[in-house]
Every structure is written in C-alpha cells, then in structure tokens.
Amino acid sequence: MMYGYEWDTSSTLAFATSILPILGIGLLVTLQAAAVGYAIALVFGLVLALLRRSRIRAISWTVACFTEFVRDTPLLVQLFFLYYVLPDFGIVLPAFMTGALALGLQYSAYTSEVYRGGIDAIQRGQWEAATALNLSRFQTYRDIVIPQMIPRIVPSLGNYLVSMLKETPVLSVVTVLDMLGLANMIGERTFDYLVPLSMVGLIFLPMTLICSALIHLVERALPKSGIPLR
Amino acid sequence: MTSIIRFQNVTKRFGALTVLDNFNFEVQQGEKVTLIGPSGSGKSTVLRILMTLEPFQEGKLELAGLSYHEPNGRGTFKASEKHLHKIRSNVGMVFQSFNLFPHMTVMRNIVEAPIAVLNMKRDEAETRATELLRMVGLLDKKDHYPSQLSGGQQQRVAIARALAMRPRVLLFDEPTSALDPQLVGEVLGVIRDLAREHDLTMLLVTHEMRFAREVSDRVCFFDKGRIVEQGEPEKFFTNPEQPRTREFLSSILNT
Amino acid sequence: MTSIIRFQNVTKRFGALTVLDNFNFEVQQGEKVTLIGPSGSGKSTVLRILMTLEPFQEGKLELAGLSYHEPNGRGTFKASEKHLHKIRSNVGMVFQSFNLFPHMTVMRNIVEAPIAVLNMKRDEAETRATELLRMVGLLDKKDHYPSQLSGGQQQRVAIARALAMRPRVLLFDEPTSALDPQLVGEVLGVIRDLAREHDLTMLLVTHEMRFAREVSDRVCFFDKGRIVEQGEPEKFFTNPEQPRTREFLSSILNT
Amino acid sequence: MTWMQYLAPLLKGAQITVIISLASIVLGTILAFAAGIARTSSNPIVSGIAFVYIVLFRGTPLLVQLFWFYYALPLIGISFNPITTGIMTLSLLTGAFGAEVVRGALLAVPVSQYEAARALNFSKTYTLWHIFMPQAVVEMMPAFGNLAVQNLKDTALVSLISIADLTFQAQSLRNITLDSATVYTLTLVGYFIIALGLMLIVRLIEMKLRRGAAFSRSAHS
Amino acid sequence: VTLDDVKSAGYVQGATANEVPYGYMKEDGSAAGIGPDVAVAVFKRMGVNEVNWTVTPFGTLIPGLKARRFAFAAAEQNISPERCKQVTFTEPNSSYGEGLLVKKGNPKKLTTYADIAKDPSLKVAVVSGANNIDFLRAVGVKDNQIIIIQANADALSTVQTRADAYAATELTVSKLAEGGKDVEQVRPFTDPIVDGKPVRNYGGFAFRPEDKDLHDAFNKALVEFRKTDDYKKILTSYGLSEESIKAAAAKNVADLCAGK
C-alpha cells in the first residue's frame, strides 16, 4: 500500500493498472517540478544572457564562469550539494524547492546559451539602425532585439522543456518522489521493478511526444511577420 | 554659410589598417555632397563615424557644433552615452541593406523612434508618418511588413524612417546598390525630391553616376582614406584633373 | 544548323502560379542567346529546367537530341536518374551566387567533377584545370579557398568549373549581378572570350545590356512566361518593335 | 581523513567516468551519423526505423533505459557486463540526440550547394559524402560539444548499475567519512575538469576541420 | 551457477549494498562489513579463495540477483516472508534490532517508532528500500511523515534540518551517531511491536532459488563457521553484542520465511 492505494500482484496487467494511481501522484510531482524549474530557467536564463553581455568585465566573466560550471557538472551531484551541503552553512531549503531550483539553475545555463545565440543572430544592421535612431540600450532590447529573437528561439527552448521533464527523476535524491521515484519504491516493496519502471517509460514517451507537438503548435502560431528564422 | 560637418585631421584605424589618415573634410549647411571611390577606400567608414557607429583614434570632428570628443569624456571617442545621444539627434542614416525592423509594420517602423526617443504623442507621430509615407509614395503599404515589400519599397520606407527623426544631416550609404536595376529609379526619385529641401544637408555614397550628377552640389573622389579630387558634378565628370580620378571613372562607366 | 535546345509548348507551374505557359523556344548549335526581362518573368526557371533542377508539367523539351521525357520514364518528368545524368552531361551552369564548394580549394573545385563523374585521371584533370585557370586568369589562386577570393574571382572559378565538364551548352544566370560594379569587367572579359568558341552554345540571363550587346547573336525579351520580341542585338536595342520592350529598355537604361 | 586522501578513490572513479564517457561519445557519434543520414533517406523504411529509434531513446528517461538494459534484458537471456551496458545505453542515447544534430546540419547546407552538385552530375552518394558532409560536419561541432558534456553528466547515473564511477565513489566515500561537503566539492570540480577536457578536444577537432580559411563562416553567406 | 562452476572459475561474484557496518566499500575499493567478511571466510572454507564484489544500491540487490548479475547478496538483508518468495536465504548470519537517530538531546523525546505516529507533525527519514518503512507504517506512521533518502550518509544532514528522526537498524544508527556531530542514538529504545511481537531482524545471505546446490553448500559451511571463534570475532568487531549473536543462532530460516 502506498498513498492509500493497494496493489494487486496477481498478474502483470492487474499490477500495472493497480499502481497507476500512485504513478499519477508522481506524475503530478514531475509536472510541478518541471513547471517551476522551467519558469526559473526561462527568466533566469535571460538574466544570465544579458549579464554576460555586460560591458563590465567582472560581471560578464563571473557569469560566464558560473554558467560554464553549472552546465558542465551533473545535476545529480549539484542536487546533493544543494540539499546536503548547504545546510552545513545554515541554508536549508525545502526539498521540492531545492529540486526545482537546481533544475531551474541547470537549465538556465542552457537557456542562457539559447538566448545568447538568439541575440547574436540579430543582424548587426538592426543594432546599428537602432543606434542611428537614437534608441536607448533598454529600448533596443525591449523593442527590437527580444521581439525578433523569440520566434527564433522557441524551438530550442521547447526542446529543453522536454529534456527537463525527462530529468525530473533525479529529484528523488533529494527525497522528492516523482513518478520514477515512486516506481522505484513500488519495486522495492514488491521486488518487481520491471512493471512499474516500464510503465514510467510508457507514460513518458507519449508525454514527451505531446510536449514536442505542443511546442510545434506554439512555434507555428507565433507571429513571425517576416523575421528571417535562420 | 557655416560648416555643419568638419573633419580635422581625423585618423581612423582598424588594428593595423589605417582607413582614414589625417582626413580633412567639410560640408556646409544644406549642401548635398556625393562621395565616390573604389571599394574599401573608406567611404562607409566616414559615414559610420558620423553616425557614431565607429570610434576614431585621432583628430577632431564636429557636427552641428558638437564635438565628437566630449570635453569631459573619457579619452578618445569615449564620450558619454548622453553626449552621443545629443549628436545622433542631428543625424539620420539610410543603410545600404535598409535595416528595417522585420517584426514591425511599415507604420511602426516609422513611428517607433519618434515616440520612444522624442516622446512624441502616437497621434502626432502617425500624422507625420502618414505625410512621409505619402511623400515616398507608400501610403497604401503602411500596414505591410517589410518582408512583403520589394527592395525599392523597403529603401523608401528606410528613408521615411530616417526623416521622421527630423535630422539636420542625412547620410546615405549606397542606397540603391542592393536594388535590382529596375527599382533604382523609385529610390532615386525620392532622394531627388529630398535634395530640393534646402535646409537638409545630405552626404551620399553611391556608385550610380547619374545619381551623383543629378542630386549633388559637389562630388568628392575618395581613395585610400583621402579626398583626391572634388568639384561640381558637371566639371568633375566631364573633365577630371587627376589621372586616378579619370582611371576610376572610366572603369565604372565602361564596364 | 540544328537546334540543340528545343522547347515545345512547355508549361511550368509552381502550385497555382503558371510561370511558363506553352513556351516555345529554340537555340541553334553554337548560338549565343541572351534572355532579358523583368524580375519574376521566369528567366531563371528556363535555365533551371534545362539543368534538370526543376520539373515541368506539360510539353516537350529536347537538348542535344535527348528528350527530357524519357520514353520509359515514370510520368511527367520522372525520367530515371540515369537518363537525367545523360542530359546533364551536355549542360553546364554558372550560378548567380557562384555556388562554389567552400571546403575545397580552387583546384579541387575544378577537378572534383571530372575525376568523380568522368573518371578522368587526376593528372589529366589537373592539366586541364591549369589550362582553364590560366584562361580565366586565376592560375596563381589555385590553392586558395573560395572565401579568400573576391566575388569576381569566385565567379571566374565557377565558369572554369562548369567548363571542366566540357559541356556543349553553357547556361549563365545573371553571372555578374552579385558582383560589385568594378568586378563585373573581369567576368565579362572571360565570357566574351568564351563566346568566340564557335562550338559552344551559350544561354545567358543578364541585366547588363552592354554585355548582351557584345556577346550575343540574338537577344530575347522575355515577359510573363513568353518571348515577346527577339532579334539581333543591334536592331533589338536601337529599334525595338514592341511597346513593352521599349518600356522595359528605357526603365533599365535611364535610371 | 583529509581531502588529500579522498583523491585516490575519486581519481579512480574519474577514470571510469572518463572511459565510459569517451567510449559512448565515440560510439554515439557513429550511431548519430547512421541514424541522422538514415533520417534524410528517401526510403520510408530506413527513415522510419531511424525515426522510431530516435523517438524511443529521446523520449524516455535514461534511468528507465539503464534499468531495462541491465536488469530486464538478462531475464530474457541477453546479458552484458555493467561497463558494456553503461556504454551501450549512453551511446544509444547520445546517438539519438546526435542524429537530430546530424540531420539538422545536413538540412542547413544551402540548397544551392545541392544544385551545383547536381549541375556537375555528381551522384547522390557522392554529393552526400563529398559535398554535404564536409560542410555539415563543421557546423555540427558546437552541438556535438554540448552533447559530449551532456553525455559526461549522464554517466553520473550509471552508479545505478553498480559501476564505480566518480559519483559512485563519492557516495561510498561519504558513507565512510560522513564528510559530504568536501567530497561533493571535489566531485563537482572533478566533473568540471573532465568537461573542460572534453570541450578542449572538441575545439581542437573543430579547429582542425576549419583549417585554412575554408570555413571562415562568410564562406557560404 | 553451481558450486562446480565457482570452483573451476576460482572465484565467486558477490554483491553488497553501501551500508556501514553490514556491507560497504572501503576507500581502497575492497568490500568490508559483516556480510562480506563472513562470506569471504565461509567461501574460503569451501575452497573458493576469491570473492569479486559488486557494490550496488540496496534496492537493486534482488533485481541484480534475478538478472544473474551476481551469485549471492551479502548485505544482511532481513529474512522476511516476502523476500523469501523472491530469493533463497541462508540461515541467519546476524540479528539486530531497530534504532532511531535524533538531534543531540533528543528534543522530541522519542523512544520508539510509535511516538512518531502520535504526533502527525513529526517527520522521520528512512533509507530507500529498507524494511524500516514497513515497521513505521505498522505502528501507524503516515506516508506524508516519511522522507525517503537515498543513502545512510544523507541521514546526518536530514536529521539536523528536515526530519526529526532517522529510523534504521541499531548498528547503522550507532555508526552514524559515532561519526556525526550534534546527533545521538535514542537510548533506551523500545523495538516496535508488530503483530504482537517486538521486531527483530535476522540478516542472511540471499541466493537465487535456481542455484540450490551453491546455496546448500554455502549454508552448510556457514552453519559450521558460526560455531567458530573467528565468526564471533568478525561480528563483535563490527559492534554486535554477544546476545545478538546468540539470538541469530537461535532462529532458523524456515521459521522466518514462514513468518514465525
């Protein structure tokens, strides 16, 4: 029994259906973590990308090192660090927060690259035209650069949502039991891992496919109005 | 007459390459000047320096009485953003590749800067934009996006966009060279009309000789970072003095 | 004289847009023909069909006696790759944007196809390439990469590359329009020399009127998928019959 | 125990991590090319198989894949040792992601290059390998660099199938010493250094490919 | 795998989980702990001089056995009726009670698992895959009070910050209390009562049911070995008491599997 649900090990099919509600609870956790993490990644990634273009060397350099470090080390170990080492320094974050934050941070490092690429792809002529028209740096970003960048980067940003969904299982190291974590628990209790884990794979597959399809829809629905996409 | 643009011994380098070498050049208020010269001679660089898109290393440059070296600026061309802003408010530029904002309609391309920079009311900005669009003959395209226009039409919008900021000096960098030969006429017409406005100072870089002849008060032949020869168009084209000028003109006219 | 190219009632559509409508056109062996006409009229399409880069929907087309509809092909223009291969071995094309292979040196750009397609020995291919490079005046650049060449030089390499396959028909699609005015001369010279070779059939699309005049035996004015008027260059330029032709010529010549 | 003494076991783990990572990057790249090219094939069966492979491995979590290969396949008699299983799984994953990179880079070669090749009568295979590939490979390098680092990070999960990689050694050390802060700091630094090494290799390859001025970026604009 | 296979190969593949002191990996990469040490001694007596160790997460011991990843598991897994359905156990090798790790000073005054059930605001951590979770549930602790951690080493930080207690076996708890600051083992501790009896664990070696021959040979050698002083020396060196050693010998595997 788990979360008030019993399971039935009489046959594979019965087992699979009986654990579905439990996996559903885990799925909810997966989706929540991905949603919070993704929101962080979208916003913080842009902040990182802009800071990295700062004219002040110290800032752009620090940000570059930070992003590189986060990007190059495994989320698994980062999570351990945030969850079990930070408390030694008096910083205690709740488990879910830690998980979502670490996911968000890791993916900020990715999205900041996407944003950076997006900004770099804006033709020089656009910046020069903005300067010639005397637009301020802020106005240039707000009115010229970001609106042109968005349609171009939606596909890559979307792909990271899919990757993030698939990476939520590592949150179990910080005691946040997502779908895979629960499947593991069921496995530990019933000694049958194959069925719950395969079900997780089976649930993830259509989920990621649907996600990709949704991103594609968003991509098509975005007003591009002549922005060259390559 | 007063000079509105004054280059005094300006030197501009890209790394080891010296593009302008003790360059001296003046343009009077209201004058229309054409710069011609071989590729790579530094014509675009002159315009880009004026537009504050490029710094320079030595010398003195003034536009409408404003020095590009701010008195309290931080070293060579390290004028404050605020000072550059003031200089730029006197200059407009029409780029070879138009550089319209692709995500905005023609109308928004034109009103964006007046509203954001000059704090003009939207109504007023649109009224003026309408006038400008009528002038360049594109009023019916005001809700189109740049990608829906031909090159000639895009260039005309770019001209209207620059004019909307009411510059005293307008710079054109090969405004027709990215256009199909058939579309050149459209843009030429607009610039010709503009040239009649006596208060506007115009500095044009172009390879279109007919253009230089019809529009300008003075033609300057520019080579290796210096002005080799200059004069009234009629005289300049029919009877150039310098052998280098003659050679260049024949290479362009006889292909 | 025998026709080497023969379009018979060829119709070509892009979706709903009919670009060629019952198009009839012949070119004789050794003839040099220039196609001119407004943008979008279908000039490039004619060349691209000949190069088998585009299929067409109706009519009959022959090149050097080979029909583009293979007798046993699978429906409209579904000739087998082998048959297309045979057609293409008679045609070469020089593209507006050169389309050199950026990862190969000039020499390799030229010898690659003779070696891979004609199974020529490397030695022989290089000897021929050397000759061709001397002809286009670029022997000293043989180990450069395309990105290290100017546009005019790239275009000359593209011509040498096409010639290395010994085509009987050579197609040029605006070979100079991507070049700076000063570089046009280089390419023009090479094409002019080529035109002297009597056996080579040439079909040129260009906006350079001087070009058309000097090189070609016949000029065709092409509009809306049909040939409106054609004739010898002298007659064509000085005294065109059709009002549409006159209008077009004046729009091009008087900008 | 001081941090110096942690180094020996961590280095041993790092060695395993590097081996698994390098091997699976190499194999994954080969798979990526096979599947990426297959995806652009006009034969629906070939491109279909590649599509299913890519969707399957991109769409499911690595943990599930590892479990399947290590604990489930032996039940039907197919069994590989842990290192082989780790390398195999990671290669398949990297291959699936890399396939999209390869496909994208091939599609990004300008059509005009295809037309030029056709005008010169090159065969399809010849065009793919001698015209498209050399140009596409250069464009792929940055993306493959990212995949290599991703792959490195994914190796952290192979401790599940009892491979004594860097993460595993860190966990064991912590178990004995209960000194999480030091162990994890060293571990993070370890991964960072390996990642930098990988990036360096990728850069070197890229520089080699971009040799001369052949790809000074403006080449095909 | 049969005994003959093992003998002709000269070594046997064993597995243990990373749990001090039952079975773990030392810094030099070799395995140690009650399970591994006894297993090595028993195999030596059987004429097998080498054991190759795999260290794997506790939860994957049984899947690994089933997948033929190793011949036996030496992690002092509690011999329970459910596990007996999956694998074949040897006679008990050790016996141990339960324990609780808490913050220094035991601020919540916990003395047994049932105390946690009484106050729903309390949280208790257990390690993933361990059977302590069953005992906690049996005394009425709710799912939302339980935090699942991945390794014993995580317990120290968890008890400091995010949970009020860590439930594990008495030996694990005492090792953690020894090594960590600001934590202590609950003493005196009352073992939880499940099905009317105080819980006591009996750890044994697990084999695949198919490998009956190897299991039987090992089991026989183990029973012999349990009578020696060497055996006692190993167990006491890891902190087991004389009573616990006796208690293990007093039970037999058949009864444990039958739930008696």
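A, B, C, D and E are the chain letters, set down in written order, and residue numbers restart from 1 in every chain.
The definition used in the following text is that contacts are C-beta pairs under 8 Å (C-beta built on N, C-alpha and C of every residue); 3 or more make two chains touch, one makes a residue touch a chain.
Here's who's who by UniProt: A = Ectoine/hydroxyectoine ABC transporter permease subunit EhuD; B, C = Ectoine/hydroxyectoine ABC transporter ATP-binding protein EhuA; D = Ectoine/hydroxyectoine ABC transporter permease subunit EhuC.
Here the structure is a predicted model, which is why all the values come from computation and not from measurement.
Common neighbours of chain C and chain D, by the contact definition above: there are none. One simple way to say how far apart two chains are is to compare their mean CA positions; for chain A and chain B this gives 47 Å.
The distance from the centre of chain B to the centre of chain E, each centre being the mean of the chain's C-alpha atoms, comes to 83 Å. The distance from the centre of chain A to the centre of chain C, with each centre set as the mean of the Cα atoms, comes to 52 Å.
Among the residues of chain E, those touching two or more other chains are numbered 63, 157.
Among the residues of chain D, those in touch with two or more other chains are 71-72, 75, 180.
Residues of chain B in contact with two or more other chains: none.
Per the contact rule defined earlier, chains pair up in contact as A-B, A-D, A-E, B-C, C-D, D-E. Across the interface of their complex, chain A is touched by residues 59, 62-63, 82-83, 85-86, 125, 128-129, 137, 143, 147-150, 154, 157-158, 160-162 of chain E. Those residues of chain C lying in contact with chain B across their complex are 38-39, 180-182, 184-185, 188, 207-208, 210, 251-252, 254-255.
Residues 15, 18-20, 24-29, 54-57, 60, 63-64, 66-69, 151-153, 156-157, 176, 179-180 of chain E are the ones that touch chain D when the two sit in their complex.
By the touch criterion stated above, chain A contacts chain E in their complex at residues 1-4, 83-85, 87-88, 92, 94-95, 172-173, 175, 177, 181, 184-185, 187-188, 191, 193.
Interface of chain C with chain D (complex): residues 51-53, 81, 85, 88-89, 91-93, 95, 97, 99-104, 112-113, 116-117, 144-148, 161-162, 165.
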